[in-house]
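Labels for the chains are A, B, C, D, E and F, by order of writing; each one numbers its residues from 1.
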Amino acid sequence: MWNEYSVGLFIVLISAAIGFLALARETDDFHRLLLIDLVEIPSLAIIALLGTDLAEALILPGLVVGISELLALSQLYIVKEGLRSRPVKSPGIEVIELAHAPLIISVFLVAYGIVLSGFTGGGIAGLGVIFYIMSRGHSERFEIVEMASGISWAVWIIAFFVFMFLPQYWYMAVMLAAVGILLKVAAKMSLMGTMWGAHDE
Amino acid sequence: MIISRISRFISNFDNLLALFAGACVVIAVLLILSLPLPYAENQLYPKSLNAGSPLNPYDRGGPPFTQADIVVQYPENSPYAGYVTAYLTPLSGFMAAHTLYLGTTIVAHPGGILDEILYNTRGLDTVVESTILFIAFGIAAFLFRKGS
Amino acid sequence: MGPEFFLGLFLVLAGTIAVAFPAKKTYLARLINLEIPGWGLLLVMLSYNEALALLTFAAVTALTVFIFVRVLQKKEGV
Amino acid sequence: MNEILLLGFGCLVIIGALATIWEKDPFNKLIALSVMIGGIVPFIINRELVDVAIAVALIAPLSTIFILMVTRRNA
Amino acid sequence: MIPYLIFAIFFGLLLLGIHRKTIARIQRRPGPPVWQEILHMLKFAFKVTWIPATASDTLFVGVVLIAIGIWTAALFVVLAGESILIIFGIYMLHKIVEHGFGLSSGSPYGKFGGVRSVISAASEIPLFVSIAAIAIYTKSLMLSDIIDYQQVHGPLIFIIPLAAFAMYMVILSKMPYGPFSVVEAKELVSGYKTEHFGVWRAGLEICNGLKSYVLLMTFVIVFFGAVPFAWLLLAMVLIIITLAFVCALCPMLSPFDSVTIQTGIAGLMLIYALYLGWTG
Amino acid sequence: MSSVGGATLAHLPFGDIVIYITPFTLTLFLLALVFTILVIASRPERQLDITFGADRIITKETGLTEMRFRRFMAIACGLASMGAMLTGDVFDFALFTSLVGITNVGIVAAVKSRHVQNAAFQYGLVAMAGTVPLFGAAAMVAATTGTLSMLELAKEATSVVPFAVKAFLVLGVMGEGMAPFYAAKAEMFRAPGAPYVIMCSLSSLLIFLRVIEVVLTV
């Protein structure tokens, strides 16, 4: 029975096989990193083909896992290739440095992210912050944001335990969780923006 | 000898990813050959579309502060499952009352089916996931700051 | 199933081939081609009405591009 | 939305994707990519996910801007 | 239980002594007496003991206790007729013990012994083939169920001889002086055990004796079924003599070749398990 | 098959994810616990290196911040393996396994040796590629059976999960931990700091042992 699921799986698995084939033949480390990002797409597609609410609940963590591993590996790549202390010019697209558009887009993304809350909101708000930092060459205090993200992680853990052991307080837990995850993801993502250059603290 | 040639290949860690990717190709082909796979009829957390609802595509029913009917694996383990799904914050209630086109925003706002799954019934997944983010970021930050 | 589903699958397949074996093998060409299967996946998610996953995926893809661009900037030097 | 319009957008997506693959110059690639994205957004609207469409429309150019930062140097 | 444990330690060491003696006789050397390994253990127990200055002391000591602990646990698991998956889990974790012994001292010889122990982890994969083959036939992994099955259907070694071969290879790769014993090769002095002396070494010898006893006993019980105690001991001696022949006649492989051959065997065994799964 | 790791001793429900304890998982859990305690309690050793061409030996010293970071990673790795040992849900297992993979990278990435960093990067690539079969297989289990809970899957008399899907899952776990045993891990293990490095090896073995139980159960 070639149902829709199997048809989708067929195409997606072929893509995965092609991606892995290219990966097997590649020798350059940065190309490998790009290709690994490529093969993550079929893996997410396999989950998406499930087509239930559960699929979405599995995609969101999968996405965040993918990007966080990519972040760690890209930094490891920079360190191992000895590129760490290389100066990087500020983005330097003159148009966006002067215009108001980046500010507006950033504010919109951050505000919308806060309304959405959770993983989705965290990702969108984080993107907004990064875009702002990048276009303005701004850098904030690393440690403070890091601590905020740590605290929000703890908030989320508390929420989890409330859900598990005191389910009658689910309302409080859902608020704590939504805010905790939002802050955590957004803070982590925006810290990437501050890692842009090789500034000395 | 063929054995020592093979062992020379696998002893170089630059070839490791190639080896693994090759294995992945083989298994992917195996999977393609074992298609078509059956798709189980009774899934957990099935999607249902309710055209015309302001919460579309995430309307799972239930007025606020009551229990919506969702299919979970162990209902006895989460007695309050369904409450989060049915809940609307004042802001999302306002949006729902005034427009038909903001369903995603309304459901992503605290409360809604995904919050139910991610935080309540499958909360442990999210604990692990946010820990992965925490650890990966820790590695990146350590490497970034080391020696500067 | 809607046209989005098949359009998405087509983009995933075509994009994957394009990234795996690009016409001109540079980092940039692969990075840009990488967008194609990404949008394909987005269409697949759309066909299943997975709006939140779609939204998150869009945001995360942009972040991924940012990470790659950062490494590329460092790699290519000033 | 009517079928003919959707067909047109579908063609736009395919043409954009193929052009992106075909082109070698990064700038042309980015332009072709934008054509493809332009074909995709109406599909989101078609599902009545207006909020998602707005957000995607805002996010999509960001990737382009990020890529432009390296393209500028190579061009 | 405690007397049985002590008996197992001494009998296991005796088996290792027989192993050594047989190898020596095959190679036309006189060789040490069969109780040499027992004497070794007793001698080390009364020697001067300290911890090297460069060592990570907690780990250096802790790993000895863990080594004895896991194999004691394994013995009792076998006696209680629990799941063989637990025994094989413990068996695989013996790698970690070797690794811990090697790395905790800071000595380069120990380190290389530990590294070699880690790269040869593929030698364990045939075990899972044995497990899978057994599971296909007996529909259970509990030792008690396996014994019951053999009382009805006869010894498993005649039903799935290649699975028995897979497990035999695994035991062989743990034997000293064999073709796969790259972890304690002479170019590394004593490999991972170089820096452990005095009481620590006595502990390691106790672990070795217990390990040999448990592995051979598991082999006999899994593939021959429940036999009277005297026959069990006799079967163990016979198996160790066959192992000694293999060890005496095969040269030691270079580390990566050893890995490749073990992986190759694992691959063949995997195909065999697939075949069994297909037909069985 | 339901009694792979022995009779179930206890359940610990977290909503849909039910942690269950059998003698097998308990054994592995205790081992992970013991080694995590060892990591907390012990100081790193000072590794000796022989200098070629001269008759002298040097000791490698581990810096304090580096040591702290690696100890943190090793403890996280221990917790991740404990979770992977006990969890009763396929996707949760996949997540714990990828957490093990990333902490393994972290344990060695902090070492200031180019060679070790290179090996860590290669291992990281494999670990990241490993998430593809891992999550993919979990999703396919959900699609073909309609559930992710191992307890539910174990109830079936004959296994309903297709063989290729199981192979995909095992491959993913191998990518996260086992495959690098050949080369990259050997290079990684040259790094000083035995208690932490052992955690890499232990966690890989543990997740591999657990996945055997998982594929036999589901």
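In the analysis below, contacts are C-beta pairs under 8 Å (C-beta built on N, C-alpha and C of every residue); 3 or more make two chains touch, one makes a residue touch a chain.
No experiment lies behind these values; they were computed from the predicted model shown.
Peer 1: If you take the chains that touch subunit C and keep only those that also touch subunit D, what is left?
Peer 2: A, B
Peer 1: Counting only C-beta pairs in contact, which pair of chains has the most of them?
Peer 2: Summing C-beta contacts for every pairing gives the maximum at A-B.
Peer 1: Work out per-chain C-alpha centres and flag the one nearest the whole-protein C-alpha centre.
Peer 2: Smallest offset from the overall C-alpha mean is found for F.
Peer 1: Look at all chain centres (mean of CA atoms) and spot the one farthest from the centre of subunit E.
Peer 2: Most remote chain from subunit E, centroid-wise, comes out as D.
Peer 1: What is the distance in Å between the mean C-alpha positions of subunit C and subunit E?
Peer 2: Between these chains, centre-to-centre, one finds 50 Å.
Peer 1: Using Cα averages as centroids, what's the distance between subunit D and subunit E in whole Å?
Peer 2: Those two chain centres are 61 Å apart.
Peer 1: Using CA atom averages as chain centres, what separation in Å is found between subunit B and subunit F?
Peer 2: Subunit B and subunit F have C-alpha centres separated by 21 Å.
Peer 1: Need the CA-centroid distance for the pair subunit A / subunit F, whole Å please.
Peer 2: Subunit A and subunit F have C-alpha centres separated by 23 Å.
Peer 1: Of all the residues in subunit C, which ones touch at least 2 other chains?
Peer 2: 31, 48-49, 51-52, 55, 59, 62, 66, 72-73
Peer 1: Would you give the residues of subunit D that are in contact with at least 2 other chains, written as numbers and ranges?
Peer 2: Correct list: 47, 49, 52, 55, 59, 62, 69.
Peer 1: Which parts of subunit E, given as residue numbers and ranges, touch two or more other chains?
Peer 2: 259 - these are the residues of subunit E that touch more than one other chain.
Peer 1: Output every touching chain pair, sorted by label.
Peer 2: After working through each pair, the chains in contact turn out to be A-B, A-C, A-D, A-F, B-C, B-D, B-E, B-F, C-D, E-F.
Peer 1: Which bits of subunit D are touching subunit B when the two form their complex?
Peer 2: Touch list, subunit D to subunit B: 47-52.
Peer 1: Name, in rising order, each residue of subunit A that touches subunit D in their complex.
Peer 2: It is residues 91-93, 96, 105, 108-109, 112, 124, 127, 131 of subunit A that touch subunit D.
Peer 1: Within the complex, which stretch of subunit D touches subunit C?
Peer 2: By the definition above, subunit D touches subunit C via 6, 10, 13-14, 17-18, 20-22, 24, 26, 29-30, 33, 36-37, 40, 43-44, 47, 49, 52, 55-56, 59-60, 62-63, 66-67, 69-71, 73-74.
Peer 1: Spell out the residues on subunit E that touch subunit B in their complex, using ranges where they run on.
Peer 2: Answer in residue numbers: 254, 256-257, 259-261, 264.
Peer 1: Inside the complex, what are the residues of subunit F that reach subunit E?
Peer 2: It is residues 1, 3-6, 22-24, 27-28, 31, 34-35, 38, 41-50, 59, 163, 178, 181-183, 185-186, 189-190, 192, 194-195, 197-198, 201-202, 205-206, 208-209, 212-213, 216 of subunit F that touch subunit E.
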